[in-house]
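Look at the two complexes coming up: chain A is in both, with chain B in one and chain C in the other.
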Partner chain A sequence: MLEVRDLNAFYGQSHILHGINLDLAEGESIALLGRNGAGKSTFLKALLNADPRTEGAMRFGAQTLDTQPTHTRTRLGMSLVPEDRRIFPKLTVAQNIEMGAFAAREEQKPYTIAEVVDLLPMVGPLLNRFGYQLSGGQQQMVAIARGLIARPRLLMLDEPAEGLAPVIVDELSDTINAIRKAEGRSIVVTEQNIDFARQTTDRLYLLDVGSVVFSGTWEEFSRNADLVDRYLVL
Partner chain B sequence: MTGELITIAFNALIWSMATFLIASGLTLVFGILHVLNFSHGGFFMIGAYVAYTVLEQFGATVPLWAYLMAAIVAAAAMGTAGAAVDQVVFRRLKNFEGVYVLIATYALLLVCDGFVKLVWGLNYHSVSPPESLLGVLFAGGAILPHFSIFVVLAGLLTFLVLEAVLNHTSVGRTLQAIAADPWMAQVLGINVSSVYRWTMIVGFALAGLAGGLLVANQSLSPDLAGIFILQAFGVVIVGGMGSIRGAFIAAILLGFVEAISATYLPSYPGVLFFATIAAVLILRPEGLLGRATT
Partner chain C sequence: MSITRIKPQHFAGVMALLIVAGFLLPHVANRGIVFLGGVVAINMVFGIAFNIAFQKAGILSFGNAMFFATGAYATGYMITQVPQIPFLLMIALSGLAGALLALITGLLALRRSSGVYFAVITLAVGELIHVLITKMDFLGRNDGMVGVFRPTLDFAVFQIDLSQGDSYYYFIILSCAVLISILWVLWSNRFGRALQTVKSDPMRADFLGTDINRKRLQALVLSGAATALAGALFAPWAQIVTPDLAHWSQSTMPLLFALLGGTAFFFGPVVGAVLFSVLEYNTRTLVGISDLMVGGLLLAVVLAVPGGVLGLLKSVIARKPAKSLVRKEKNP
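And now, the complex of A and B:
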């Protein structure tokens, strides 16, 4: 469903991603691991043409991604939940979630708010609160709900567990697995938390300074114990 | 005494609503696009001249429907100009620092000034109010011209429509989302560029509408832009940059300041107006309903 070939990304003169190759099948879930600054978030933004300048070839479904603006790419069925959540503070939770429906594809009606709440029950009691009234964990759930309402084919979660209490991280892991099962959705999770990534994805890509240094299954990753020390330990 | 107080209050409301009519487009564009449009007064002026040209066809007595139609023609013309300005100027400058945009809008103001001199000349022109609004209302010893009441109602109606659209419709919520975080809005599938364009069109159309509605109150000359834009900027700053509700409240506040000043301090025009702006900025730099920035 997603093919990326020799992707390079730049912020101004800074060369952030170096020749990334990546494949993702329909219904598959992958993790992008790496330290801060490895290029994980830049990769997700590059897919959506949302800031970095890119070179290389990207394909999503039958569509080649070249000059399409961000909103057009989103409407192909790619949804990004950014690392900093970016909840609109003066809109209610329900209104925040409804904003995500702009991304709905022509052939696919978005979920209703009730259907989103079925998938993410934690959001239900929050619907009438304003964005600025939410805790970090609540913001994360609302951001995921907002990213999900358009029924994206690909949901991209940028460091979803960052800054959350362990008990919330466990709930989030269950939620992401429930989302994966619903409609066979593909998921990309960027993470530094290896356990969380392992619980929510099928395989992984390991990034270091903008390059892929390992890709494979979790079993293969576990057999290369030095990868953690070399590319993930600070 | 009662008559004097009513006159002060009424003059305050006339000033307030006339200024709000102009400030509404200015603050809308700033609120969504974060562009401080110096040329807004210029397009208000051209709107007034466009309405004058339409109304010239009706001779000395202008029916109310023609007056309203002239205002709508002025709004449509300035909305079209807004689309052109967005395409030719603002889109080209979207990746530049705000100061370049500011300079560009000042250049546009000069273009408006030159355009008016070229098309309508340097002579003063005037338009009579519609014939059905030539009368006056007597209230507690005060004399309230019908046309002034019309201006107050037009300002109030404009505020109510903008408030309703911005706070009670999905369009308004989308605008709020874009104003708060345009990057996230585009990631959610919103065509932010298109919304920017339409905001510019509506902002310029509001300038044209204000020009058309207020044309009978003015002596039309190329100085018109400068006279009103200063008041409008005062209202936008005191209300809080980008807040329609703030601009409305600030317009009423500054309207009363102006009316009191004109009655009791006629030898010091503008002093209380600027003192009030300074006081608000000292006590609340972000304006009455503005968002504090860090």
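And now, the complex of A and C:
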């Protein structure tokens, strides 16, 4: 479903991503692990042509990604839930979620708010609250609901567990697994929390200073005990 | 309901009050005040049309006078040169002319600039339009267009002669009420909320599939069309159309209305237009210092009350219950 070949990304003169190769199958879930500054968020933004300048080849489904602007790529079925959530504070939760429906593909109607609540029951009681009235965990759930309403084929979650209480992280993990099962959706999760990433994905890519230094299953990752010390411990 | 939206029943209540006040005015005031009342109603549309682009989509235009003048000149030209065109069609065509000018301005400038840079471009385009008007014979050059009479509305089975009595004044009140209602729907619905997201977080809106350039262009075209419709109503009311309508200083008017009333509120420019007219009317005899007083007062309000008069009222109302609660706690 997603093929990335020799992807390089730049912010001005700074070379951030170095020759990234990545594959993601339909319905598969992968994690991008790495320290702060490893290039995880830049990779997701590069996929959406959101900020960095890119070189290399990217393909999503039958579509080659070259010059399409961000909103066009989003309408192909690629949805990003960014690290800082960016809930619109002066809109209600229902209206925040509704804004995500602009990304709906022509051939597929978006979910209704009720269907989104079925997938994310925690959002139900929040629908009439304003964005500024939400806790961090609630904001994360709403951001995921907003990213989900257009029925994306690929849901990208940028550090979803960051800053959340452990009990909320557990709930979030269950939620992401429920979303994975619904309609066989592909998911990319960037994380520093290894346990969370392990619970929500099938395999992983490990990034360090903009390069992939390991890719494989979680079993293979566990067999290389030094990977954590070398690339994830601060 | 978004935080900037007014409940439909509140909107209907305010509109009913405005319409009743508008309809009562000719019965209690002289013709000069009635003329001013018509201008205020038109200015309300002028201000809201500006504010929907400014507050909702974050587009600061210093060229809205060119849209107003486009509507006024288009209607003035049609009334004086091709009077056989039905008046309502003239108004619609004038609105379309404003929309077209806004579309061209937006296509030229909106993708390449934003914020102050866009404002400066609109100022330059506005001045270009102003100069062009003064050079064109068929628009009356510097003298403008005179003899813009108030036409007759022909509905086949009956006719309304807008030149008789206060007919055209009532026509302005009703037309402005319709325009304000349409703008309120667009301010409050999903389109309005999408504009709000484009202003508050364009990158996030882009991630959500919103074509932010298109939304900004739509907001500018809407603003241009509504402003031109206000200009179209103004031409037969003043019965003369002059190049001053396109002067850059006219572009500051809707901004002042919005700032004075409160840009965050749909009815902010309405309050601002009323207050501004009251100020201007009451200082009109102070030759030489009238503009200074109006400008000084506006500056004071804007600096002292950044949220405008409605913002001040809102904060006062928000404080009151808190104080009464404190009293109750002290004296249970």
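Methods note: the second predicted complex is superposed on the first by the 234 of 234 C-alpha atoms of A that agree within 3 Å, B and C clash if a C-alpha of one lies under 4 Å from a C-alpha of the other, contacts with A are read in each partner's own complex, and residues count from 1 in each chain.
The criterion applied here is as follows: contacts are C-beta pairs under 8 Å (C-beta built on N, C-alpha and C of every residue); 3 or more make two chains touch, one makes a residue touch a chain.
A quick note: this is a predicted structure, and the numbers were derived from the prediction, not measured.
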item: Partners on chain A (chain B, chain C) - clash or fit; value: clash
item: Which of chain B and chain C A:F130 touches, first, second, both or neither; value: second
item: Which superposed partner A:R75 touches (first chain B, second chain C, both, neither); value: both
item: Which superposed partner A:A103 touches (first chain B, second chain C, both, neither); value: both
item: Which superposed partner A:S211 touches (first chain B, second chain C, both, neither); value: neither
item: Which of chain B and chain C A:L91 touches, first, second, both or neither; value: both
item: Common interface residues of chain A - those touching chain B in one complex and chain C in the other; value: 48, 50-51, 69-71, 74-75, 80, 82, 86, 88-91, 95, 98-100, 102-104, 146, 150
item: Residues of chain A defined as touching chain B within the complex; value: 48, 50-51, 69-71, 74-75, 80, 82, 86, 88-91, 95, 98-100, 102-104, 146, 150
item: Residue numbers on chain A that touch chain C, as the complex places them; value: 48, 50-51, 69-71, 74-75, 79-80, 82, 86, 88-92, 95, 98-104, 130, 146, 150
item: Complex contacts: residues of chain B adjacent to chain A; value: 170, 173-174, 176-177, 180-181, 183-193
item: Footprint of chain A on chain C - complex, ascending; value: 1-4, 190, 193-194, 196-197, 200-201, 203-212
